[in-house]
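Two complexes are shown next, each including chain A; its partner changes from chain B in the first to chain C in the second.
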Partner chain A sequence: MNALLVARNTFREATRDRVLAGIVVTGLVLLAMTQVVGVLALGEARRLTVDLGLSAISLLGLFVVLLVGTNLVAKEIERRTIYNLLSRPIARHEYLIGKWAGLSAALWVVCAVLGVALGLLLAVRGSHGHVGSIAEAVYLAGLELTVITSIAVLCSSLSTPVLSALYTLGFYLVGEWSYDLRAFADKAQGMAGGILGVVANVVPNLPLFNMRTLASSAQVTSAGHLVIATLYALVYCGCALALATAAFESRDFK
Partner chain B sequence: MRTSRRFAAVEPVGSAPTPVMSYPTTFNRAPRRAAAREVVRAQALCKQYRSPWTLKTVDGLKDVSFEIAAGEVIGLLGPNGAGKTTTPKMLTGLIKPTRGTAWALGEPMTSVSSRRRLGFLPEQPYFFDYLNGVEYLELAGRLSGLAGRDAAARAREWLGRVGLSDRPRLILRKYSKGMLQRLGLAAALVHQPELLILDEPMSGLDPFGRRDVRELILEQRRMGTTILFSSHILPDVEMLCDRVLIIVDGRLVRTATLHDLMQHGAHGVEIRCVGSPVLEIPPVWMTKLARNEHADGTAFLLADATLMDEVVEWLMRSGVRLRAVTPQRATLEELFLAATESTDLDRPEETA
Partner chain C sequence: MVVAWAAALAFWVLAFALAGAGYRLLPRPQPLEELSYYPSGNHLRPATLGHEETAADLGWIRAVQYYGEHRRTDNRFVRMRHVFDILTTLSPHFLDAYVFGAFALAQEGQDFHAAEALMQKGLEANPQSGQLAFELGFLYYVRPGGRDLSHAAEYFEQASHQADGPPQSARFAAFARQNSGDLGVAYALWSDVLENTTNPAMREMAEREMRRIRRALESGQTEIALDHLGTPRVLVRH
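The block that comes next holds the complex of A and B.
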């Protein structure tokens, strides 16, 4: 219950922040610009629109996480607004879960708005076959951002906003290359291979959430893939939030 | 931004209703009797801070023990850096003790539920500046366990109580410092706590704001709320508190009722005379009797009140016309300074 109250407040904070409104407007402008670039794509305009539109959703969502998410806890500690919450009957894990859930909800709204705009744009251009694939791709992009938000909350509960942003960006970049890292770990010998294998398992498996190539060809993924991606996201978020709670539990607020 | 200069008055339970400003009915409650029930108990609280770079430890609090009974108003005094902010933060779970433990309202301070009936106003409170006053108080109420409708009703009523109801939808980033302090108090009180912890509640307020906060604390005291507050403004502490805890360098050096503190303080007498009499103070009183010339006469300051009769008799025998004989009482400020300047800090002294 308390986590829901914190989540509602975090959602309100994110949606009243000009950053989020700016990101949504930027996304809509980028979608419009795909129509200009599409002229140069020689018959591949629809594919380009879908690919650029879905990339915009993922990258703009990442910006929101880096700009808002990495400040979530650290800024509250710095500005001492955290006293307003933790001096009340709220467990620290409820606080962290609430923060993560609130920002994740705001990101899902961003994904939904931009996803609907992309769908409408394609419908206006007479392409109705992409609706299912775009819906799936936007859903997976939302899951990906939810996972990155949990990492941002973990980093934010341990470090300063700037360092949190750097750590979160690092996790994102390495996570995007986790398949290659795993393949490299399999080929590497000895301790280096072991370390790379551990790193590949610790960083989020972000390619699991990337359906942009399929969606641009108007293809849908399997239900099994969606279920596995959903379960993976939930387990990963749970682990990241459990670690954040363990680190946060003993923290003093001077 | 126009706000009413005074908090709305409280209608004491059982008296005739006042038609213009009345206390919201939802907050009326029978005054709790100040029984001997213990509301706060701190046992050997210690806090050590370790530098992450040098690994050196600094003591923030050293073996602090005290109890607060229900209905008491306790002032926490101490110079800057003494540990008087650390203590309330420990009781509210914001800082964990290195050693020792404390109970608030019968529950260990480590338990989340110990904060259910507790209201806290931090020093220089910061708020979620994207919310408006009603939203913030509603959130505060709900987080303290109030149901949705109850929280909404109390939020509106408390906003009025602290004189901020003119523009309930004004966002907090447009509030002045005094308005934020009032809102912080309303947030600490919105769920009607049994224990109120206020860290420098008068800091940064103008005289009107200080008076309003003082009245609110007195009102809570009349209602039987147990209050622990730290302050640098000693006249306020003197006016509001039953007891004071003086913390110096992380140690509790004195716990005493105000009455005891004043009784143990130095007592002198001021004897005012007409004109400027030609007198030589007897050598035996040289160290205890001082003479000050004023425009309207002479004042003799006697450090030891037990000598008053002898000195008055001597003055009258010398033909001096007395105008007034006034006993002098040490102020809390003098007592506080004496306690903090004392070099014998190793053994806490219990006087009450």
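The block that comes next holds the complex of A and C.
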């Protein structure tokens, strides 16, 4: 219950933040620009719209996480408002889960707004066949951002905003390369292979949430993929938030 | 405050003028120079952080501009093979990139082997694509310097068996087989066309060609069944 209160408050704060509004406007402008640039694409305007639109949702969402998510806990520690908060009967894990849930909800709203805008733009241009694939791709992008948000909460509870942003970005980059790491681990011998394998499993496997290639040609993914991605996101977020709780509970605020 | 706004405007105008002068007077990267520095799409892929399709799209736009610019000026396309190899490695299901790249390489680039290799790469990545099979067949059909009718027929036939193969694939396959001298197979293919089409003009064509083939086989004079096809040429001069 307390987590819901914190989440609601965090959601309100995030949606009132100019960064979020700016991100949504940027996304809409990018979508509009695809129609201008599409003229240069020699008949590939639809493909360009889908690809750029989905990339924008993913990258702009990451931007929000790096700017807002990494400040979630650190800002309250800095302003010392956290003392007031934690003096209430709110468990630390409820606080962290609430922060994560609130920002994740705000990101889902961003994904939904930009996803609907993309779908409408394609529908207006006569491409009705992309609706299903766009919806799935946006859903997976939302899951990806939820996972990155959990990492941002973890880093934010441990460190300063700048370092949290860098750590989160680092996890994002290595996460995008996790499938390459797995391939290297398979080919490497001995301890190197083992270490690479461990790293590939520790970082979030973000390619699992990537169906931009399929969406580009209006293909949908399997239900199994969606289920596995959803379960993985929930489990990974659980792990990150549990670690954040462990770190947060050991902190002594004075 | 007015002074500050005026100063800002003045600086902006100066910056605008300097940028324009710099663009006109100073050397600048040519479209696709950056792409050329990467040895292959496989090395570029990790840098795209999961956004290979978008990177391929942006590369496509620049490749089209590169083609247009050189088509209008010197008709030299030295980087085209490399660029389309990168594009299609980043986005293996970007069918139009294979088709455009291959025909541009075969014609303006005068590099039929590179064109053929690009299309083969496309078919490897998209084995069920009737569109690509048809286009490869057509590439062989219009090969500059001499049509390769056997290969053309092979790929037209492949296209006719795929769900997205153009409806004219079967007819093209029969025509190419016939003109490559393989009259037996051509007859069978025309027979399939006759059986499967409801178009009266197609039926008439199939029946006519089947009669020609029968006359050629009966008389032993294969040339009765052959058309006098011209030799394709590259129309662009370097």
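Heads up, the rule we're going with is that the second predicted complex is superposed on the first by the 254 of 254 C-alpha atoms of A that agree within 3 Å, B and C clash if a C-alpha of one lies under 4 Å from a C-alpha of the other, contacts with A are read in each partner's own complex, and residues count from 1 in each chain.
Assume a contact is a pair of C-beta atoms (placed from the backbone, for glycine too) under 8 Å apart; a residue touches a chain by one contact, two chains touch by 3 or more.
Just so it is clear, the model here is predicted, and its values are computed rather than measured.
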For this session: Using the touch definition from the top, say if A:R47 reaches chain B (first), chain C (second), both or neither.
Result: second
For this session: May I ask you to decide whether A:N84 touches chain B, chain C, both, or neither, giving the answer as first, second, both or neither?
Result: first
Exercise. First (chain B), second (chain C), both or neither: which does A:L5 touch?
Worked result: first
For this session: Classify the contacts of A:N201 with the two partner chains as first (chain B alone), second (chain C alone), both, or neither.
Result: neither
For this session: Classify the contacts of A:D17 with the two partner chains as first (chain B alone), second (chain C alone), both, or neither.
Result: first
For this session: Please indicate which partner A:S250 is in contact with in the superposed arrangement: first for chain B, second for chain C, both, or neither.
Result: first
Seminar exercise, completed: Listed in rising order, chain A residues that touch chain B in their complex are 2, 5, 9, 12-13, 16-17, 79-81, 83-91, 250, 252-254
For this session: Over in the complex, which chain A residues touch chain C? Could you list them?
Result: 37, 40-44, 47-48, 51-52, 54-55, 58-59, 173, 176-177, 180, 206-207, 210, 212-213, 216-217
Seminar exercise, completed: Seen from chain C, its contact residues with chain A in the complex are 46, 49-54, 56-57, 60-61, 64-65, 91, 93-94, 96, 100
Problem set entry | Contacting residues of chain B [partner chain A, same complex] | 86, 89, 92-96, 112-116, 118, 120, 122, 124-128, 130-131, 135, 139-140, 142-145, 187
